[in-house]
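Chain nomenclature is as follows: A, B, C, D and E, assigned in order of appearance, with residue numbering initiated at 1 for each chain independently.
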Amino acid sequence: MSIVIENVEKTFIDSKKKEVTALKDINFTIEEEEFVVLVGPSGCGKSTLLNIVGGLLSPTSGSVYFEGIKESNPNLGIVFQEIALFPWRTVFENVVYGLQERGVSKKQQQEIGNHYIDMVGLTDFKDAYPKQLSGGMKQRAGIARALAVEPDLLLMDEPFSALDAQTRTLMQEELLTIWNRTKLSTLYVTHNIEEAVYLADRVIVLSRHPGQIKEIINIDLPKTGRNDEKYREQSSKYADEIWQLIRHDAEAALKE
Amino acid sequence: MSIVIENVEKTFIDSKKKEVTALKDINFTIEEEEFVVLVGPSGCGKSTLLNIVGGLLSPTSGSVYFEGIKESNPNLGIVFQEIALFPWRTVFENVVYGLQERGVSKKQQQEIGNHYIDMVGLTDFKDAYPKQLSGGMKQRAGIARALAVEPDLLLMDEPFSALDAQTRTLMQEELLTIWNRTKLSTLYVTHNIEEAVYLADRVIVLSRHPGQIKEIINIDLPKTGRNDEKYREQSSKYADEIWQLIRHDAEAALKE
Amino acid sequence: MEKQKQVITNRVAFLDKKVPFYTSFLGIAGILVLWEIVSRIGIVSPLFLPAPSNIVITGWEMLVSGEIYGNLTASLYRIVLGYAIGAACGILIGLIIGFFRTADAIGTPIVYAIYPIPKIALLPLFILWLGIGELSKVTIIALGVFFPVVINTFSGVKSVDPMLVKAAVTFGSNRINVIRKVILPGALPMIFAGLKLAAGTSLLLLVSAEMIAAQEGIGSMVLHYGNLMITSKLMVGVLILSLLGLIFNRALRWLENKLIPWKE
Amino acid sequence: MEKQKQVITNRVAFLDKKVPFYTSFLGIAGILVLWEIVSRIGIVSPLFLPAPSNIVITGWEMLVSGEIYGNLTASLYRIVLGYAIGAACGILIGLIIGFFRTADAIGTPIVYAIYPIPKIALLPLFILWLGIGELSKVTIIALGVFFPVVINTFSGVKSVDPMLVKAAVTFGSNRINVIRKVILPGALPMIFAGLKLAAGTSLLLLVSAEMIAAQEGIGSMVLHYGNLMITSKLMVGVLILSLLGLIFNRALRWLENKLIPWKE
Amino acid sequence: GQESSNGSTGSTDSDTEQASVDIGMLKLTSSAPLFIALEKGYFEEEGIDAQVSWFEAAQPIAVATAGGDVDVGATGITASLYNMVAGGEELVIVADKGREQEGYSSTALLVHSDSDIETVEDLKDKKIGITQTGSTFHYMAGRLLEEHGLTSADVEMVPVNSIPGLMETLQSKQVDAVLLNEPNITMVLDEGYGKVITQVGDVIDYQTSGIFFSKSFAGDTEAATKFLKAYAKATQYYYDAVLTKENGEIVPGENYDEVIQIIAEYTDQEPAIIERGLPYMDPYGQLLAPDIQTQIDWYAKEELIAVPIDADEIVNTDLLDQAIKELE
């Protein structure tokens, strides 16, 4: 099973009624059990692309499809940057939301819900409302919610960008641990180049105006232990390479 | 001239009316033209300490003083995490606020204001209101406002934490460029260890419960070009050393 | 040479200034005592300003005589019925124009066209249409409640974070479930804001309507004793209305806390 | 074997549904046309529901005859004066209790004790105290305006980001300048929210007071034609009041945009 | 709202002996004797410097008199007046200023001209429009009903807050009957939408309004008597001019036109309208003293006054008697 993004293009009408091309000629495939990371400067269309893949936006042309899948209605799990937990539901109720909507039995909801809440380490906060959680805990609940539907494709849009640097580092490690247990096909969006290098099997670098694929970089490092002394230099090289690709665009974005 | 932090201790009364010691036995000195960075896990008291030094909070015991200064009323410039620009003032009016309050003449306000707005690259946005600026531009205006009073001590509390990773990298570079021109004594708070290593002459690592100085680390690297290939390994070692000091506390903070 | 030392002191200490806890009581107690004294020693004639003690005693007598009971039930009937009808319609229509674009395009301009009319001005019209009985008064109150509620419900629906709708759809909700599980709870805080706003308006309309066209009710009682210059009984009426307003507000707040435990 | 292909489609497309721009007009226009027809062909007697065209014509006649002018000036005098006094006092006292802790401790409980009284209930009392002339009506309106304004001003002061106060102090402001340059502009948006809320209340109070105790004014004119069952003239009165409400609101919004250009 | 003006036109010579007296009143026909006294200089003759405070409503006059803001008040006698006295305010009623009297048209009960109501008895279960609760209209309606064997509980009294309101609601048939006074009765009859069922004065004698003295002015017997001498002269002048009857018909007296002219000037109204609404007044301004107790008893029975009071507390006929004696 793989997810094919084929000739995707997206134009918006901006506030001055002008047509703006946000994405153009986007073509790539997310293979089974592959972790693909999208990086690029602000406004290059990362979120737009992720939303199109997630079925939350229609492409102007082109299409996105699953290939070689049995189910007629593939499951998607999305983790949002804004977290988007339902404030009126407790952690548990949030996590099992997708299961409820699929008509899964109460008993199974309990089982699956508890399993994933456990996995993200929120067992003690099962019955807490989102407002009672810290930023890091909220995002973990968001991840558990996306995992609970056992998705065919996991989408994450800058899930850790609102967290402080230390929490972020710890969450990246945790995410990798979880991913190693689930091995979900994943499309991950980030601004943070170190994060991309740390997590990705493949990094897709976008340029802006219009958002196009500038480069696709395979990260040839073992999936775990990239932080170790011995890989540090190589990681740092990848990061530098990506930064050189983006830098110019990022500076331009800052001046807008 | 130096700034001495002597035996500072701070206790708060928490919501359950219990006394909580946020800071204990804090002793250090910021030398002239020194860039001191405070790092530590969430809730270790970084902001509390910075506020005490900035005269925005009273220490429970101990004191903070300038030594060997001529003026009777030392100038402070603070850059806040929340930026705290006055929304009803344009960039220019914000930047010259401190000058106005000191009774500086209109003409000099113009001169100094334009100088610092130029320095942070906001000349085109002089007359814009803060709501019209992006996050990065807002923070640059905040920095210009703090510099404009030509402070004896510059205080910065996580100034870049709300920015995206790429903007942050660019802003760090800019800050260093500006600092090299002004050479202000600076106390800088951050969660981000790479940032600390990139900017600091000295890093003070705090532990939590209560906030105490765990270690003071001198960064023996040239002030500019720490990003260069040749220093990258050394930087990375410093960062690792600091991370090992903090990690345990950071994990604990995440579970609260 | 001695080194110069410039200690940094807290310059925002004034923000933390505390006032003794009893100051709050002092204000109200002071006014009441002053008022009592002023009326007692006759600086102001009790005809114009009866002493608080006098008002309380008169109130008790009116309670015992059953006079309050009759007027209060008449008023309560009107306001409860009017408020319930107005709030129910307001929430319903607010949800409809909030969620369906076509209903929004048609309904919103109509709502905003009628909204600025001070509702009491319609009382004579309703008396013409519906007679001078309870119906016209209940309608006026319902109408006065309807508008703040419909507008707040509408804004509430519109202010629901679209991210949450997207999240719900992503996790498999159909449109009905989006309304039921996302739009409705998401709009609830704004709906309550509307209900609270409407509470004040409904009371104002009740009293005005009773003064203009009623023989019974606390409003007409106040006017009646005003005409008769029986100030202490007038004040009892005002006191009852103010208690009514207070209870109304508290009840809504209690309900809000029950229904929106997750509100920050 | 053919590979299976499952295309991902946009599941929130319903959020972007557009309605033709003319739908908004359709609603209002439809109602007006229906109304005109219903009255014209006599399904409903024009005595109860005069046709819109009839109302406009009657309005024009009343304008020419000067009848509207006299009543309108009487009403405008009352509401402008009452609103100005109430708003000025409300802002002033709101700032004082917002900024001085002691004033807060003393003043706030008093404000909240009087707040729930539906102000019109005080009209008979004010007639006793101040006579039946303009003063009692103006006072009622001022009082009705005072409370929402004072409470909003107070919350406005309290809601000013303490970070901004700290920033101002850091950059050398003394307390007076903190009030002038930070608290006041920071509270302005909330003050305007209060002023807008008060606009509706003041109009309601004006009409009620004029219906209860006045010979002149749009409110008493509406009641007068209600008593006479001259529905078209009554409707003209309602129309004027609704225009008054609209203009009032627009004027405040215009002022807000002038005074708070930095508001998001 | 009240405005002060020097009421004594013409004479500006300041007699040192003159006692200054503030009079609070309305621009209504029923204040005619005061207008006459002012206009014809009766007050100066008695050595009184009369100052007039014009009021817009009746109630504040009583309040001002009791409070001593004016020395003399001239207005209607309502439940609120009795409640004021019961509430500790002090004033005394000293003279007549208009009453319902058999044979003289003043206040009447009207129904719509289409109405099938013909007698007061037919009013059972009907709506009667009055101005306000506790007003003179309320009292008259109640007493009319009682004289015809009904009680106020048998009808619905609808307060419409104003006299124009009464006419309007009658015209649109929102009430079945109203009480109205002259000249409004004539206006209704002229427009043809109403008809008179009965004249109040034909059923009861009723002291509708009076002259009040503040406690301190009443205590100044000399000035009070002087004032009442002037007032009594004026009422007599008024009576002779407009209320004299020959063979049961009112005929214009010698000074008829002059009196109408004075009233028209003070009230800013057309003489033709004034002529229709000339209330009955006692020739010597004497109060219908026993009626005051009757009023108090009725209001008390209807629970319109909080604490029953004794008529003796507020009526003082001695001053006027003294004045009349001095005049003769």
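Everything that follows uses one rule, which is that a residue touches a chain if its C-beta (ideal position, glycine included) is under 8 Å from a C-beta of that chain, and two chains touch if they have at least 3 such contacts.
As the structure is a computational prediction, the values presented were derived from the model and not from experiment.
Colleague: To reach chain E from chain C by way of touching chains, what is the minimum number of steps?
Modeller: 1
Colleague: Please find the path from chain B to chain E through touching chains that uses the fewest steps, and give that number.
Modeller: Graph distance in the chain contact network comes out at 2.
Colleague: Using the touch rule from the top, point out the two chains with the most contacting C-beta pairs.
Modeller: The chain pair sharing the largest number of C-beta contacts is C-D.
Colleague: Going by the average position of its CA atoms, which chain sits the greatest distance from chain B?
Modeller: Farthest by centroid: E.
Colleague: In terms of residue numbering, is the interface formed by chain C and chain D classified as same (over half shared) or different (under half shared)?
Modeller: The interface is built from the same residue numbers on each side, given that over half of them are used by both copies.
Colleague: Go ahead and note the Å separation of the Cα centroids belonging to chain B and chain C.
Modeller: Here chain B and chain C have centroids separated by 48 Å.
Colleague: Where the CA atoms of chain D average out and where those of chain E average out, how many Å apart are those spots?
Modeller: Spacing between the chain centres: roughly 43 Å.
Colleague: Report the inter-chain centroid distance for chain C and chain D in whole angstrom, where each centroid is the mean of the CA atoms.
Modeller: Distance between chain centres, rounded to whole Å: 16 Å.
Colleague: Taking each residue of chain B in turn, which ones touch at least two of the other chains?
Modeller: Each of 54-56, 76 in chain B touches at least two other chains.
Colleague: Find every residue in chain C that makes contact with two or more other chains and list them.
Modeller: Correct list: 11-12, 127, 166, 169-170, 227, 229, 231.
Colleague: If you look at chain E, which of its residues touch at least two other chains?
Modeller: 59, 174
Colleague: Return all touching chain pairs.
Modeller: Contacting pairs: A-B, A-C, A-D, B-C, B-D, C-D, C-E, D-E.
Colleague: In their complex, what parts of chain D are in touch with chain C?
Modeller: It is residues 11-12, 14-15, 17-19, 23-28, 31, 48, 101-102, 104-110, 113-125, 127-129, 162, 165-166, 169-170, 175, 197, 200-201, 203-208, 211-212, 218-219, 222-223, 225-227, 229, 231, 234-235, 237-238, 241-246, 248-249 of chain D that touch chain C.
Colleague: Across the complex, what residues on chain D touch chain B?
Modeller: Within the complex, chain D contacts chain B at residues 161, 163-164, 166-173, 177, 181-182, 185-186, 188, 260-264.
Colleague: Contact residues on chain D for chain A in the complex?
Modeller: The contact residues of chain D facing chain A are 3-13.
Colleague: Show me the residue ranges of chain D that touch chain E in the complex, using the header's touch definition.
Modeller: 127-128, 131-135, 212-213, 215, 223-224, 227-229
Colleague: For the complex, which residues does chain A have touching chain D?
Modeller: Where chain A meets chain D, its residues are 53-58, 63-74, 76.
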